[in-house]
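Here chain A shows up in two complexes: once beside chain B, once beside chain C.
On to the complex of A and B.
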């Protein structure tokens, strides 16, 4: 492979990302799955790197989850999104950053639809005014939170306490990246690296010292697929898609999986447990699974935050083997202690998948 | 444990009566063989292609279709120059793959 050639392809899909002044909207499901991730995004970007990132408690879901489950029409989603834009306008911001990949895809899809059908935008403005007496300006830039971390990746690397290097062998850690489907598959030009070679997560892994490993089903869906999971009769299909990905990446022995979507880390993490219980198969070393991390969690780890403060105890797959490889110090006794030493309860250990 | 759902069996029906045992062995030795997306970059850069019809893309396809003899006949024209490895967008080590094919499909090579 000619690396420069690949870089040229990526260069065609570089998008402009403003350095500062962002209006941040959270995901509606991430807080339940991995609550540390969004907290760490704010801590790293706002408190550590001193960027102006504003968020308000008044924002709601973007409606994308219901839209992709086919339970609400697009006009409803557009009105919800118009209200989010109104909140941004009222706060005095022009740059909009979403924590969720589906939200990001949803915002881009709506803005592109309004560009093609301006009469629809006028109608949504009317609906929003009737519903809550608000008006909005369209954002100047829409980015996903991983775009921002990608932009700040070298600043993070400069402050990093740890590198993604196996301290036992001295080799770079082998990471596989999984990009959420709604990041660039719908509008390739809106993602860093496009749909075929998304570079957003690769850039982070490379900057922080790791190696990116390619595998055949790299661009396959994580298995969530909204209706595939939410309708219980289809859930086996969701599991089968995740299984296909793991079977494909298994021969490459990855040390970790990096994701940038709310659903992907959850399903790739939890389905490893279900596959182990139903098929008796595990994909990591010595009976463990392959740890699945979000980009905020990985950034926090290299910056030297306590793994239990960033919520890694909420992962089904044990992260301790990865922490040991990087050389991150942690206290196993503190794993299930929350704020102010409060015991957050110890989960029952699974039968097949090895956990700490 | 019963979760109320399980892995769905593949709904693909394979009507080919081809023995893919050797290809599976090749896949175990060279997992990258499944990475190929048949873009043809290897073929377009192959110096032997113009004169002999050697095509790495066709070799991989032929092996999956049970046309081992055709694949091996094409591969006999390979000079192991490695240009295909340099241009592969999926980073497949095609030269190593060719050597593994020669080892696994030894009988057909003879």
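On to the complex of A and C.
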């Protein structure tokens, strides 16, 4: 591996990201999967770094899931997106930041399509007006939320309580980064680092003290892939894709996996349990799995937030081995306590995959 | 004869044209940017289909054109159009007034870094056709381990016929060069499995088809019709190549000790630079635009400006030499017409 070769490509795919004043739209599914992630994005960006990030309860799905499952006409998706842009316009913002990778890809694809086919944009404006009497300006800038955390990565590093360093060995932790397919594969120039060697998550890991591992199936889909999972008959295919990735990364002994997509952390986390049950195989040390984190969760950890306050107890794969390596203090007894010390339900422990 | 004839480029086209013009009684001037003559062919080891040593051809051309005025390490600073001639200022401070300009600026090799998915400059065991020729010439390249060459792949059409790379043209020579290089590697590593990933095999030249059959029948080289989708690196540093075999309709994944990218021909930026100075038109493929692509490929639309070789598009060595001879004759007749 020639690291300087990657650096050259990364230099070619940098993009200007406005520092402040963003209209934020959440994902349809992330709050069900890892509810702490989006909360922590707002907490870090708005409350800690004092950025102006606005969100409204009126926003809806972008239609991306249905679009990629082939169950919705493109004009309908465009009209939904036009309504989102109208909300941004009404709130007085010009920079649009999406929590979801598929939404990000959806927005970029629609804006590019309108650029190529302006008559389609005109029609969508008419449809939006007929549907809900709204008008919109196109955003001046569309970012994915991981772009913003990438931009703020050094500010986060400066405030970090922990580094991604193994406190037992003194060596940088070994991180695998997994980029959502819709981040840059469709429009490489819109992703930090491009499509083949994206830098957006690498930059965070490096800035926070870790090392990034490249492995043969790095580019491969996490296994979610919409129709791979949503069509029930295809779920074995979803699992086999995830299995392929874990088999490929296994020899590198990663300490954690970092993701920037709603589906990827979920499937790479949950399918480890299924692989363990069906194959009897685990990929972490001592029978544990490899912890899979969102970038917001990892940022929160290095900043010193309580792991249970950021929702890490909702991961299938136990995060405790990673917390121990970083040296993060946590109280195992508090893992399943919610607000005001209220006991939340404890999951049944799996038979093969070791959990704490 | 005292007519100044300026030849821009000291590759095989420039040398052959100079040799012919010398035979016709002129003393042409060759302007060459680099420190040596022979262009890309000087970097090559053997030439298809007869495995002729490239250095023999280049040294023969250099010997035949030795009486020309040759400026190495020299660029054209600017070109001024005068009433019926050109004033050409060279980077060494010399100014030449000429009525005849022969462009033999050739091509540039496509920068394989631009096909990021193939990992050139990223993964240790990926090289280009040019790198491999360098190894054939010198035996010096740490990517080739003489004791561990069990599997090698060649990717055809790297940067050619590729809309994404903004090069829609076929580079003509890559198919046959890949076969030549695959055979040469097989001769050096008889036990190695060698794969060629292609989208079309364009075996148009003399003996090319025979060469292709030999590669399959006598050397056991495997041809897989399908473009490589991505390249990765194993933990032991070997490259993993994913492709689709479009004949069997199945995905293919192979682990290789070496991957060779057949980088194609693109227009030479120096050609474009001189073309801009002399107000010469550039075609849609970026190469210099001829007066007519069928009848007058060696003539530019400008009075007194001629072309030979790959400055107008990808060419084989024999085609380049033939064009150089034709251009020399055309220049001779043009000068006769001026008298």
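By our rule, the second predicted complex is superposed on the first by the 351 of 356 C-alpha atoms of A that agree within 3 Å, B and C clash if a C-alpha of one lies under 4 Å from a C-alpha of the other, contacts with A are read in each partner's own complex, and residues count from 1 in each chain.
Here is the rule we go by: contacts are C-beta pairs under 8 Å (C-beta built on N, C-alpha and C of every residue); 3 or more make two chains touch, one makes a residue touch a chain.
Worth saying up front: this structure is predicted, and the values here are computed from it rather than measured.
Novice: Sharing chain A, do chain B and chain C clash or fit in the superposition?
Specialist: After superposition on chain A, chain B vs chain C: clash.
Novice: For A:140 in the superposed arrangement: first (chain B), second (chain C), both or neither?
Specialist: The answer is neither, since A:140 touches no partner chain.
Novice: A:194 contacts which: chain B (first), chain C (second), both, neither?
Specialist: Only chain C; A:194 stays clear of chain B.
Novice: Going by the contact rule set out at the top, does A:251 touch chain B (first), chain C (second), both, or neither?
Specialist: Both partners, chain B and chain C.
Novice: After the superposition on A, what does A:215 contact: first (chain B), second (chain C), both or neither?
Specialist: both
Novice: Name the contact category of A:278: first (chain B only), second (chain C only), both, or neither.
Specialist: In the superposed model, A:278 contacts chain B only, not chain C.
Novice: Between chain B and chain C, whom does A:115 touch in the aligned arrangement: first, second, both, or neither?
Specialist: Neither chain B nor chain C is touched by A:115.
Novice: Just to be sure I read the superposition right, which of the two partners does A:161 touch: chain B = first, chain C = second, or both, or neither?
Specialist: neither
Novice: More residues of chain A are touched by which partner: chain B or chain C?
Specialist: Greater contact footprint in residues on chain A: B.
Novice: Could you point to the stretch of chain C, among 147-155, 291-299 or 327-335, that collides with chain B in the superposition?
Specialist: Of the stretches 147-155, 291-299 or 327-335 of chain C, only 147-155 runs into chain B after superposition.
Novice: Just which bits of chain A does chain B share with chain C as contact spots?
Specialist: 1-2, 5-6, 214-216, 251-252
Novice: Give every residue of chain A touching chain C within the complex, in rising order.
Specialist: Contact set of chain A toward chain C: 1-2, 5-6, 8-9, 194-197, 214-219, 251-252.
Novice: Please output the residues of chain A touching chain B within their complex, sorted ascending.
Specialist: Chain A reaches chain B through residues 1-2, 5-6, 214-216, 232-233, 235-237, 239-240, 243, 248, 251-252, 274-275, 277-279, 351.
Novice: Would you tell me which residues of chain C are touching chain A in their complex?
Specialist: Chain C residues touching chain A: 113, 116-117, 121-124, 230, 232-235, 240.
Novice: Mind listing the chain B positions that touch chain A in their complex?
Specialist: So the residues of chain B in touch with chain A come to 1, 3-8, 28, 31, 34-35, 85-91.
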